[in-house]
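Below is one structure; the comments refer to it alone.
Letters are used for the chains, namely A, B, C, D, E and F, taken in the order the chains are written, and counting of residues starts over at 1 for each.
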Amino acid sequence: MRLVSAVIKPFRLDDVRDALSAIGVKGMTVTEVKGFGRQKGHTELYRGAEYAVDFLPKVKLEVAISTDLVDQAIEAISSAAKTGKIGDGKIFVFDIDQAVRIRTGETGTDAL
Amino acid sequence: MEEILNLKYALDTLYFLMMGAFVMWMAAGFSMLEAGLVRAKNTTEILTKNVALYSIACIMYMLVGYNLMYPGDAVNSFWPGISFLLGAENDPATVLSVTGDEWYSGSYYSGRSDFFFQVVFVATAMSIVSGSVAERMKLWPFLAFCVVLTGFIYPIQGFWKWGGGFLDAMGFSDFAGSGVVHLTGATAALAGVWLVGARKGKYGKDGKIHALPGANLPLATLGTFILWLGWFGFNGGSELVISNVSEANAVAAVFVNTNAAAVGGVIAALLTAKVVLGRADLTMVLNGALAGLVSITAEPLMPSPLTATLIGAVGGVIVVLSVLALDRIRIDDPVGAISVHGVAGIWGLVAVPITNSDASLLTQLTGAGVIFLFVLVASLITWMVIKALFGLRVSEEEEYRGVDVSECGLEAYPEFTKNPKTQ
Amino acid sequence: MEEILNLKYALDTLYFLMMGAFVMWMAAGFSMLEAGLVRAKNTTEILTKNVALYSIACIMYMLVGYNLMYPGDAVNSFWPGISFLLGAENDPATVLSVTGDEWYSGSYYSGRSDFFFQVVFVATAMSIVSGSVAERMKLWPFLAFCVVLTGFIYPIQGFWKWGGGFLDAMGFSDFAGSGVVHLTGATAALAGVWLVGARKGKYGKDGKIHALPGANLPLATLGTFILWLGWFGFNGGSELVISNVSEANAVAAVFVNTNAAAVGGVIAALLTAKVVLGRADLTMVLNGALAGLVSITAEPLMPSPLTATLIGAVGGVIVVLSVLALDRIRIDDPVGAISVHGVAGIWGLVAVPITNSDASLLTQLTGAGVIFLFVLVASLITWMVIKALFGLRVSEEEEYRGVDVSECGLEAYPEFTKNPKTQ
Amino acid sequence: MEEILNLKYALDTLYFLMMGAFVMWMAAGFSMLEAGLVRAKNTTEILTKNVALYSIACIMYMLVGYNLMYPGDAVNSFWPGISFLLGAENDPATVLSVTGDEWYSGSYYSGRSDFFFQVVFVATAMSIVSGSVAERMKLWPFLAFCVVLTGFIYPIQGFWKWGGGFLDAMGFSDFAGSGVVHLTGATAALAGVWLVGARKGKYGKDGKIHALPGANLPLATLGTFILWLGWFGFNGGSELVISNVSEANAVAAVFVNTNAAAVGGVIAALLTAKVVLGRADLTMVLNGALAGLVSITAEPLMPSPLTATLIGAVGGVIVVLSVLALDRIRIDDPVGAISVHGVAGIWGLVAVPITNSDASLLTQLTGAGVIFLFVLVASLITWMVIKALFGLRVSEEEEYRGVDVSECGLEAYPEFTKNPKTQ
Amino acid sequence: MRLVSAVIKPFRLDDVRDALSAIGVKGMTVTEVKGFGRQKGHTELYRGAEYAVDFLPKVKLEVAISTDLVDQAIEAISSAAKTGKIGDGKIFVFDIDQAVRIRTGETGTDAL
Amino acid sequence: MRLVSAVIKPFRLDDVRDALSAIGVKGMTVTEVKGFGRQKGHTELYRGAEYAVDFLPKVKLEVAISTDLVDQAIEAISSAAKTGKIGDGKIFVFDIDQAVRIRTGETGTDAL
């Protein structure tokens, strides 16, 4: 099992969710995060004074899937999240040791 | 006798100024109502529009509108003729020289107090527009429209009724402005909504109507209460004088009926929403209160309190159905202003003959039709010229980020919502 | 002379209508205060209740309450007898035919203005209830209670004092309604709180009292200021006439004392909170202002400004202690209304003899006791019948998710808080 | 004749009380404006300060300030002499015994209504201070300053002009208090800001000016509208009587001009912000409205509505530039009160001779200078004594966590913002 | 060392924290997240128009513990978070390479 | 590649970001979280009634970096985040299986 974790632009979330559903992903968990990277923040003015917006709003999506689905998932996320402009985000893949579905106690890929 | 005249004049002026102050307060009501019913990211801009439109209305009406609407001597009953700035105040000696019955045909209160009362009405009409085109119309083109509406469109049709023009001559009856003020505002709003289009995401490709919930319902409720309070001035002041027993009775009747219609609207909208939508939708209840108020505005004097309640209640039912219907035909009005002020405004005009035997249904319909058509055409032309010159609508990306940032550079609630500034 | 009478009548009517408009504005005050002191997830519902209760109060009082409270000729001094709708307005000719001393025993202002002033009082009484039972009582059963309180319970006890019933005959003194309005509302609230129970999570099994902090303190502060402003109408209008030097002096004294008592309540509550709780608890300060206002309401005319400040200050101390005490005995009142309007209301009644030699402590206590017992019993019965028929309380799950979603289907601040809709 | 006198007195008293109630309402306006312009974590405290300062102002002015400002017979034209509590109300018999021309030199309205009107002015002056020192000054030392300002500093300089002291004798002209009230408040604020220092994080080491955006702009807008409405009382009531044709005309002119100056300020600030900052900064627009109002306060009677608009517009330009300039010299005023009330206040005084030929530029400058210097020195001394005794500023950690928690123990919006309580 | 990451229903958080404390867990980190899975969202009405609430509020709990505690922790979380209704959530376990306590510089299980 | 995940005190975020930038880290992702640990919450009073603030506001910072940078990153975060008072937080390091930059499709350390 792997955890595919993707940081993406917020307004692409629905597209990415649909793309993942299309390849059979049944569940995912989403967190609102702030990102810092090559895409630079900007400076706002309030009453003539500046304030820097360094961190940009992003969404982090975590999907636990069986290992054989990883490439498809990366592909699905990439194409749905891509705008081609700087700041599109990253995908990281982690190994999952164990998974449990709380409601039933199922473990392993059955739990996903 | 002179002392009596002094007192009469002073009392009526005080009354008029107080009523005017109440109407001015409605500017705050519209601001809060609209700020509560838009999404957080479009709040600063709607506030800016409201403060600025009030200001423009006051300036334009002083410069040209007041004279257009109440011309010394009109060119004819359709076109008042143009002149600028305000006339002189009543001369005390002249005022005090009148006797007996002459009084009420002369000037019975300060001319400036009359201007004050009238000018806050104009602002009300324009405030109706801002809510309907909220969340996507640019700031400066909106203000350009405001100049035209408050300086010309409103005063000209206002002249037709209140300035003694042809609608007045025809016997059209509109005590405090269900037509002259509310229908006018709503019609200008309708024209704007047509030209600016619906908010992105409001209507799905599949024909689905999506909700874009208002960000701050306590604010919307506060706005409604402010408008409600202001309406005592709006209708109560439209009696114009209070200084004898009959007039005092009349003003009191107007107060009671205004309140009665509002509560009728509340209860009717609450029940209608419960029946039709299955829930006690607060925003519909607030619309119901205002629809009740608009409904009674054409004739708040003649009905008994019970009848006033029922007139308001009909307005409350109408407004809920109208909001749903306009959404079906994809007229996207975030705050329901077209339903509240336009549809209920027409109902108010039509309801006058029920209690006022001087009015006829036909004349009322004619009056409503004239106002609607004139304001619609004049507004459409104005909006179109502005659109051609500057464009009306923010870009798609700006709409996504919110017009607060793109139009004003400021968020309304920087600490309460996620920063929506960047994609 | 006729001109003088016209002016007197007009002036007193204007005064009365302005004072009534101020009291109407208190409806907004209660709405904001309560919306600020509940949790975000229960905000839409409390707003809906407040708008609807005001409306029901106005309708019921028009239909039956006003005549119950001020019957043409009462059956006896306990039961006014029933009749419907409002009577006719004063006839100008009759009004103008009175002479000299007759005047003040006759009708000195518009009958409709009297109704307007009275009707907004009823709404005030009912507004007190909504806050206390907030965050767990169902919407519709609450509104059912509202029908009974505003149509019957309030007017009947109101008749006993202000309608010339037995409390009035006994010499019970209650200028603007510390008892008739505030204690009545608070007692009905107490009965409701008993029957509906405390909010889930308020009292731990271990005897611990948990805080459930209000979501929006600026709103609560705004509500308090609105009430404060409205109170000038509430007390100031209760002088009923203003049209001569003595009456004008009296109204001015009432304004000054009303303000003085409020500021006394603020400072006293601030200091008491600092001493007892170790912090400048703003919600206690706001309760203190209102407690000061309630305290002076029974007698805002006779005290000197300094005495008025002190009477208000005692109210401010009392309210803080009362809020803490009621929590100890597990009477869960989210906004402190029982303490503010009930406990301080009794203090206000009891304080009358300090400055008004016509009042006696015993009569004041009797009056307070009569109002309390009657309203308590009548309210308990009403709440119990409603409970048996429809239930009073939302389900545990609905309470967890918030009554906004379950009762109104709308969140008040959809973008500011985490979505609490689902478990 | 006696009936006429009764009516006159009653009418003027009612007018005065209504105007006073409007000014009292400004306390809510300042509260909302300031609560909207501070950060969320400092909101409860600013609300507490506003409610408490109003209360202290009322108590201190009753105890000693009113007599200081309007002494029966002053010691000399610089020092009024001290006495306590309020005098007796006008005796009806005495009032009614005056005849003809004597009238307006005597007491033409209730003495209590005069106190009520005056006392709410004091609170206004003090409200100006709270915003400027917000977000870092301790609660209790602030309230200590309030005692001194409202009990002594304000009344003494007020005596110099309105109490018949040397500024009045000199011909200094200040109709409703651009100087006496607004410049006084702003100067006291300036002294406080100097001594308490800028908010942490406002000015970077690199000379950069950082923004600390206000948390709730709808609230700030509401506050501005409340102040705007209240200003009709502030200026309109300063005519003092209304009961004849000339006075009624004057009051109406004041209403119209007050409104005109506000709208001038709005439009000018909007355009200035657009040109200078490149954006329609709502907070600047709100400051512009208030600056317009302050500008016209010294002379709202003589200008034509157009001139009043222009005077307000100059105020609107000035305020934007002043806000930017004060930031440059590191005077950290979170709400812009020093610019709005101080800089525009001076402009208002200076503008009087434009339309009032009785005033001279030199006298106006002298008056402004006297008020500024006296209040500055008196305030600096007071702040310094308080600083030495209790300290003025919260600790750095408390400032980081927000003064709401450290000073009041309560968050204003516990559900809307991240919990800032702990590091 | 392992990181036990659990997505649970928000109103069970206090129970889960207590259950973990009971088996000796000293610290944890909690994030508000939105979940998408078998438990479906629902549709709300506002002024007669619909809006879909697709993502449901969940809480993500992360606990770093020594490897031998993992089974106990899973057991503790499962029983405290379980309501038996759909949407109870998942537990995922990850391997931790290294852990550091910032205050003291301690590393490994000492850092937990 | 490793993911360095640090839970720190919020007001140290800017310092930590600067310290990481200084050692060449180009991007990071930040989440607002609530922490429970040795640092205890406290009790507040509202109208005389108590409420416990058990969870304290923290910030979680996630940085994907190449394995050889891990020690430097830990050092940078530790020294920038350290106040020496309880509650300074933790750093956990995880192994990353794969990384993708959505915009370009780059993988591995090129994606960071």
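Everything below uses one rule, namely that a residue touches a chain if its C-beta (ideal position, glycine included) is under 8 Å from a C-beta of that chain, and two chains touch if they have at least 3 such contacts.
Remember, it's a predicted structure, so these values are computed and weren't measured experimentally.
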item	value
Pair joined by the larger number of C-beta contacts - B-E, D-F	B-E
Subunit C and subunit F: spacing of chain centres that average the CA atoms, whole Å	53
Between subunit B and subunit A, distance of the C-alpha-averaged centres to the nearest whole Å	48
Chain centre separation (subunit A, subunit F; CA means) in Å	18
Contacts with two or more other chains, residues of subunit A listed in rising order	31-32, 44-46, 83, 87, 94-95
Residue list for subunit D, restricted to those that touch at least two other chains	4, 7, 11, 14, 18, 213, 216, 222, 277-279, 281, 283, 409-410, 413, 416
Every chain pair in contact, whichever chains are involved	A-B, A-D, A-E, A-F, B-C, B-D, B-E, C-D, C-E, C-F, D-F, E-F
Footprint of subunit A on subunit E - complex, ascending	2, 6-8, 31-38, 54-55, 58, 60, 70, 74, 77-78, 81-95
Partner subunit B, residues of subunit E touching it in the complex	44-51
Complex contacts: residues of subunit D adjacent to subunit F	400, 405, 409-410, 418-423
Residues on subunit F engaged by subunit A in the complex (per definition of touch)	3, 17, 26-31, 64, 94-103, 105, 111-112
Partner subunit D, residues of subunit B touching it in the complex	3-7, 9-11, 13-14, 16-18, 20-21, 24-25, 27-28, 31-32, 35-36, 43-44, 47-48, 50-52, 54-56, 58-59, 62, 85-86, 89-90, 92, 95-96, 109-113, 115-116, 119, 139, 216, 219, 222, 407-416
